[in-house]
Amino acid sequence: MTKTKTNPGRFFEDYTLGQRIDHAVPRTVSGGERALYHALYPARHALYSSDEFARGCGLPGAPLDDLAAFHVIFGKTVPDISLNALANLGYAEGRWLRPVWAGDTLRSVSEVIGLKQNSSGKSGVVWVRTKGFNQHSEIVLEYVRWVMVKKRDADAPAPETVAPDLAAALSADQLVIPKGLDFTDYDFTLAGEPHRWGDYAVGEVIDHVDGVTIEEAEHMLATRLWQNTAKVHFDRDAREGGRLIYGGHVISMARALSFNGLANAQIIAGLNGGAHANPCHAGDTVRAWSEVLDRAETSAPGVGALRLRLVATKGGAAGALKGEDGKYLPDVLLDLDYWALVPM
Amino acid sequence: MTKTKTNPGRFFEDYTLGQRIDHAVPRTVSGGERALYHALYPARHALYSSDEFARGCGLPGAPLDDLAAFHVIFGKTVPDISLNALANLGYAEGRWLRPVWAGDTLRSVSEVIGLKQNSSGKSGVVWVRTKGFNQHSEIVLEYVRWVMVKKRDADAPAPETVAPDLAAALSADQLVIPKGLDFTDYDFTLAGEPHRWGDYAVGEVIDHVDGVTIEEAEHMLATRLWQNTAKVHFDRDAREGGRLIYGGHVISMARALSFNGLANAQIIAGLNGGAHANPCHAGDTVRAWSEVLDRAETSAPGVGALRLRLVATKGGAAGALKGEDGKYLPDVLLDLDYWALVPM
Amino acid sequence: MTKTKTNPGRFFEDYTLGQRIDHAVPRTVSGGERALYHALYPARHALYSSDEFARGCGLPGAPLDDLAAFHVIFGKTVPDISLNALANLGYAEGRWLRPVWAGDTLRSVSEVIGLKQNSSGKSGVVWVRTKGFNQHSEIVLEYVRWVMVKKRDADAPAPETVAPDLAAALSADQLVIPKGLDFTDYDFTLAGEPHRWGDYAVGEVIDHVDGVTIEEAEHMLATRLWQNTAKVHFDRDAREGGRLIYGGHVISMARALSFNGLANAQIIAGLNGGAHANPCHAGDTVRAWSEVLDRAETSAPGVGALRLRLVATKGGAAGALKGEDGKYLPDVLLDLDYWALVPM
């Protein structure tokens, strides 16, 4: 009598090149999401904490945290893209195109831009470019993500291999600066640190010092808030080793910890790449360090850009990333490459 | 020197037929409650997630989740009705009469409609009809609930037995459709599933597949949010076996899990009955299944009604409810009978 | 290659008498903070729960809970005042000067008003008077706090000792009553208890009965919400014995528990003093009792003031505070002395 009305998720052979997927469950955000974001992460970047500070930087008020916007857009794609994913392989060409404000309603659309069956014949890699839209049908965020997805039927024919040509990193002139942004009268005292764009040198490594031991209740609250309901994050028995923490929880935790040393890296404007190097579980104490990868000027008044590597760990020294074998060290959780906007 | 100013709760002999109880602590709700509801439960019904989607269905915006409204109204009754309750026995004749919007202030009033002393003489059953009002003194919700309450004094005389005549289920024409609701242009893609009212057959069982392992911190956050402060939910030592999870937490968890297969059962309009079959504790992994009990048309454009049994379990197969002895199986947590509004 | 851009915190010799510190990271609050406050604590004081109830008391709506305002103001001072603190020694002369409303942006400024090196030469006591401002540069809260802070260099010369002359308690006429407050038509039924100002006798002790067992996830959510990111509250390994719970979490928990017996002690207007008698850890079950210390009339219609001792414990009888040696009993967590505004 049981009929199958539940979503089994898509398998590798369900994707076709150029396919457009309109993801379900649009989401209106409010001050509630901002408050919860600050309860879940030690987030202190002043532009997202204070409407007054944001106004002092030329914006109409404090937007929703850039990563909260990312998580909402990303969460919508999970039922269509990664329910049967074996691994989340990477990100590229991510750009925040417009701030998200309290009252905005977000939805997500993805296009399949690459397909490659694995040599085993049992799975394949799917590349999608996802765009997040607000209620005015304006794009607020876009990024490419690729995942390894199971095949339903190992005998299904392989599609023609198309691996998209993705930029190793965005150039600074591809970044979109929020309309009106002006750091000329930036208040370094209220922001929490005196360090300007010019104080950061390429190659510099910053140990963010603090650590947060993660609890099950917290990562589940966060992950549900983004309506990412993949069972591996919630059902203790869905996966050997217990609940797997949503990679985005680690990203937000590391970014919030990076305030200590990067308090003025206010805005995330671009996501060049990212790897979830090792799984994170409750009980792990997450720490973070950053490395300055590049610097660039922008066309906006007083606004510079820093390209940063943000690394989350559950141990090990700041700066330690890979072993002699070229593989991530076992304590490394995240290696994220992004562009931030910083006062000059 | 200690005086008793604290609330000892009412005992069985404190209730009289026809008694009206104005429950304390009115509550204004905001976008904060919506955000928290989505952090606490894997809630994805689009009408409550997106103002835009709700507008597409003829409403002025997304209301507060129906069950969040229920919990707020219910929570206010706890200090007066169930502080000395030995068991929460049942619900009947529940109707959602008006949506609750951000900014509304809710309060609750109950009337005692039945009393029956138990043969032991040590306790009795109290039936109350509770109404929730908004700041315009409009009723937003009403339901009957009955509980077994201790007597303060076993020698107190028994009241005349009055057991109210309660409907086994509401008929569909007793349901109140939110003003303006129109599912004619319902967007099944954004809602997340293609299944219409006509796709559900009476007798059909839906296994909602996913599970959530419950943590102490989460059920306490939820229960406090509804200002239900009964100590058994918070004080580890108040009760043998540890903190008892508020039954409403299980209701909301099961309803949210039911999205997977019932994404279009958007609105809860009626509560026919419900039993908390077994206690739930932190560490339990809650799963859910539903059975279609009845179908009816409504007077609103494009809007059908499904009568559904929603069962929460901590194990066991979908469809398994009672043993040969007619008793609930030990893994069954909740058996809820409700009417949902569904696009036709 | 690692440069030090992170905040090492101030040491004793970094403070000078009269020094003004503008604390970083202003914060805009919304309905999200109110909802979270009610999810984190069993808070039920009607004036903060219901806009309608607050209007009935002459206010334009429900303000943010007084202690939530305190925590936001306090949290901003942590990176400058207590990052290297060995102990939080006391509070005095705290006054709430204006309600905080949803939409307000808060920031904090402290002035060093006392310095005293300890005889060991390794640390010293720093007194600061902290003021919290809203976006109109109006003071919303002020209080004195003193902490014991490590010296960076034990050989650094001692400053001249200046110990400020602090009032043992505010007199009632120093309290600031929120503009418009009028308890003439106070609704005792909706507030939850019938006890008026005149029903409380000096010396009376109230056992608040209920208890809450604290979880790691909850105190961390709370502490982060106030942007207090001191690592001892988050990093399991930062301190022997595990994560130390932020003292303010205990204050809010005890105050919320005190609803049961003090439901009409609606508004906290003054903080006379306070001691965190013993550390609190996850797993502790927090209970509370109060003692009426003083009573006073005020100039506002229907508004009286009660001076109350609020004690949080993890065990022991109501009324038990100190041992024969004059020291706090080991189960006492908090001894707080405050003024509340109560209907007459």
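Chains: A, B and C, in written order; residue numbering restarts at 1 for each.
The definition used in the following text is that a contact is a pair of C-beta atoms (placed from the backbone, for glycine too) under 8 Å apart; a residue touches a chain by one contact, two chains touch by 3 or more.
Bear in mind that the values here come from a model prediction, so they are computed numbers and not experimental data.
Chemist: What kind of graph do the touching chains make: line, ring, star, complete, other?
Modeler: complete
Chemist: Please state whether the interface between subunit A and subunit B is built from the same residues or different ones, using more than half shared residue numbers as the mark of same.
Modeler: At the contact between subunit A and subunit B, which are copies of one sequence, the residues are largely different (under half shared).
Chemist: Just give me the whole-number Å value for how far the CA centre of subunit A lies from that of subunit B.
Modeler: 36
Chemist: Mind pulling the subunit C residues that touch 2 or more other chains?
Modeler: Subunit C, residues with two or more chain partners: 30-33, 35-36, 102, 215-218, 221.
Chemist: Spell out the part of subunit A that touches subunit C in their complex, as residue ranges.
Modeler: 30-36, 38-44, 46, 49-53, 61-62, 102, 189-193, 195, 199, 201, 203-213, 215-218, 221, 259-263, 285, 318-319
Chemist: Sort out for me which residues of subunit A touch subunit B in the complex.
Modeler: 1-3, 5-7, 22, 24-33, 35-36, 79, 102-103, 105, 107, 135, 215-218, 220-222, 224-225, 227, 229, 231, 234-238, 243
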